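Per-chain residue numbering starts at 1, and chain names A, B, C and D are given in the order in which the chains are listed.
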């Protein structure tokens, strides 16, 4: 039984990674799971300088999901390089670094700083709904998706994954723009913009008013988008959005994802990533699937 | 560092203390063995529509019998569900989480406000020295007798129905209480007043903070508070309440 | 205590109606609830000629929600006029007729047939994701939203509600287009396009592959959109998407909805509509709110 | 027309009959009083992440004791949850729903396939005349003895481990069974074969169909089947299985 997958020349021991921002840089979860069992660890969005993020409350529970408006708090790329890369390199797993910026220039600065670092892929987050500038604004317009992709590609030494926003009319348009811009892969979906009101206080639950909706509630939307994108571009896809179990992950793989990322599920069960890895193996064993590639995009 | 795995435990007892306040004893030898006063646990709901864990402070630890006690107020879906559980039922727990109080001071002053009172109980048990305990209520009194064996108890109520009329600070003034270390847990306005009071008097204080959480273990950055110094982990002026707290020295944080 | 609301000169005894397609024409649910207790009944989408709808399976459960791909099966406007209007008129409630078509001409035909009928408002469904032509295609482009609105307005004798799709980058753009076209109100949201895969059969769960996601899972998205639209146009809003309880309904009202519609909740609890009506009354009593208008858009 | 409100009832018994088959008796005097053979109930899950009701056919009705019996196969989340319930637990039910069988025929033939067998039991009880009963299984046999008191029972198994090797049609041929009214419930391929067989032999047949449902009461149009005639309610060639069925005459529907 072989669970190996390959994206842009990088080999992953299995198709399971973490969704950026839900796993830190793996430090906290390394107490719960052996990071070496994961195909890759995808780290929290990192910017050129430290970002303080949004005021609290930053998170709220919703029916079958949650809202977050962290606002991309992060220690900045220098601390990341110094502290987090060496930490992750102790494990036998690939490193995908999620990159954020408020301007095209800032994205490029981070990519440049990372160019000579020992990381495997870069994921460019053009889809965060929780920051005023940058983020999602880049991801909701095909021309700017193509522009930022090609700019980043020019500097990057690692393969580039463009992370797409679901808050668009037609996600395949954005996927095609990423492909034209020279992306090596796409990942989807980031969170859907949502809101919650406390009817007793008659106030927004989040200080930021709106936040990004994640968790199992959004899975059907994410799965549809992965399927649509798989049928419109040639690039490999990292699928995510509401995956709790191996069954969920297999839906994404069958819809066309080469890899899957586990996000909100980590908060509910710190061992979610490993349980998905093991569940996929169980499914393959039970159904006598020799190679995971037999499952990728098998539902048409 | 103790690994705080998610685990299922049996409820020993779950009784009502006051109108919306419940006290639950759990058969949890793992948490009992490893927990410190001021730490908390994450409780999980059975209903799949509510996915995030509920952080609840540890109120008492019985290391011998391998039990912990939680006291909680019913405020929403989760705590309502907990209140319907009975002895013998099971519940899923993760913990102990957070840092807990540092035990120090010769004549410590413990201050609890509302649902911030329960975590003071285990602390009162563990602290040495001559303890003074100030408990602030809106109106109805709960748990105050349980504190009496550990120190001198002063009460404040907002409606004046018992003790000092007003808040915990009023009670402290009322009784001219002196201390070399304040320990406090309660609503943010109370903690803010204590922070100011401690600063003014040049006293040290440990404050237990609260914020909405998702992961409970320091990964999501949902639960931060403003820190006075740039925090070593986050590299900004933010600390994570779940991981770096919930207990902070008063001069570490901005409230 | 006054729960009266007014939309386009029509008075409703309370702000609660049904979401089109989840309540038929009220006949089945009239066994469970007194329709006269509702502000209005919004009927299933009706077209100029009978539509057979999509093949089965047409519905699938998802985490905290469901997918449907009914495909707007309906008996056609003639049967509707003959059978359903007289039935509903027996009750002391307003009638909102949901109108569908495959072409602009078909929409106009239905609106024309209904012009002299005894119904109170028309809701133009330009947002159904489950039909190949018409439906959502009209609702994802601002120019065609404006076009269809103004065409329909030209013929209609009843006030016109435009029902918006959430499957767009910027729903306020569509709301503004409806306003420019002369709409009297907007309703939102229709379903979000989603998908589910049966990993054991390795096949789509719905015969139509994709379906519309509804139910509490989507509530945060719906609420955010209602809030956005309330802050970008002057028209009254009928808010919907995942309302199960009076608390949910109040969130929509506080975010800016003048009325709310109960959809998927009917399937879970046939008395959901009435329980929402009663729950809103309880809230107003408890919080000493004299008039529901004090709650509309009170959270800013 | 009986109003089928949602209501909570107590489970009298819930036992395992076969590897994944369970039998549940409910204290439900309302449904017991109003139900007909061939009708179904909607069962609700406690877990808020699964919102749609599960349709389950009524297997037996005890009007005297005010009880109904359901027999179900564990195939997913909902039926798995039901299988863990114990006598004394509660469950939420809505019903009776659908139309049920028309009791007719002098020498009726009842055919059940797999999990389509249980609804035949109450029908067998209620039907007059000389009954023949054909039960089709994949391999393992359940409930067949319960039918013996009501008529002559014939069995088919796909693996030939008991009765006729093959399907129910094979068993009918095998035993040359004649009838003036077929009643059948089971997988669609079986029903399709029976429909063809009935047409060929000029027999009447009542078939109980199955489809994914949302409302269960005829409002959502989720559960339609193709009807041969334009249906009076829908004005297209569709009938609603939950409301117009689940039982149809074989010549009313296309399978």
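Annotations
The rule is short, and it goes like this: a residue touches a chain if its C-beta (ideal position, glycine included) is under 8 Å from a C-beta of that chain, and two chains touch if they have at least 3 such contacts.
The shown structure was predicted, so the numbers you read here are calculated from the model rather than taken from an experiment.
Any chain that touches chain B and also touches chain D is listed here: A, C.
Interface comparison, B-C versus C-D: the higher count of C-beta contacts falls to C-D. Of all chains, the one whose CA centroid is most distant from that of chain D is B. Each chain gets a centre from the mean of its Cα atoms; for chain A and chain D, those two points are 46 Å apart.
Chain D has its Cα centroid 35 Å from the Cα centroid of chain C.
One finds 34 Å separating the Cα centroids of chain A and chain C.
Within chain D, residues 48-50 each touch two or more of the remaining chains. Residue positions of chain C touching 2 or more other chains: 63-65, 216. The touch graph of the protein chains shown is complete. Residues of chain A that touch chain C in their complex: 62-65, 67, 140, 167-170, 192-197, 199, 202-204, 209-210, 213, 216-221, 223-224, 227, 242, 244, 247, 250-251, 254-255, 283, 298-299. By the touch rule above, chain C contacts chain B in their complex via residues 63-64, 216. Per the touch definition, chain B reaches chain D in the complex via residues 46-50.
Chain A contributes residues 21-24, 28-29, 31-32, 44, 50-53, 56-61, 63-66, 68, 70, 73-76, 79, 215-216, 264, 266-271 to its touches with chain B in the complex. Chain B contributes residues 48-49 to its touches with chain C in the complex.
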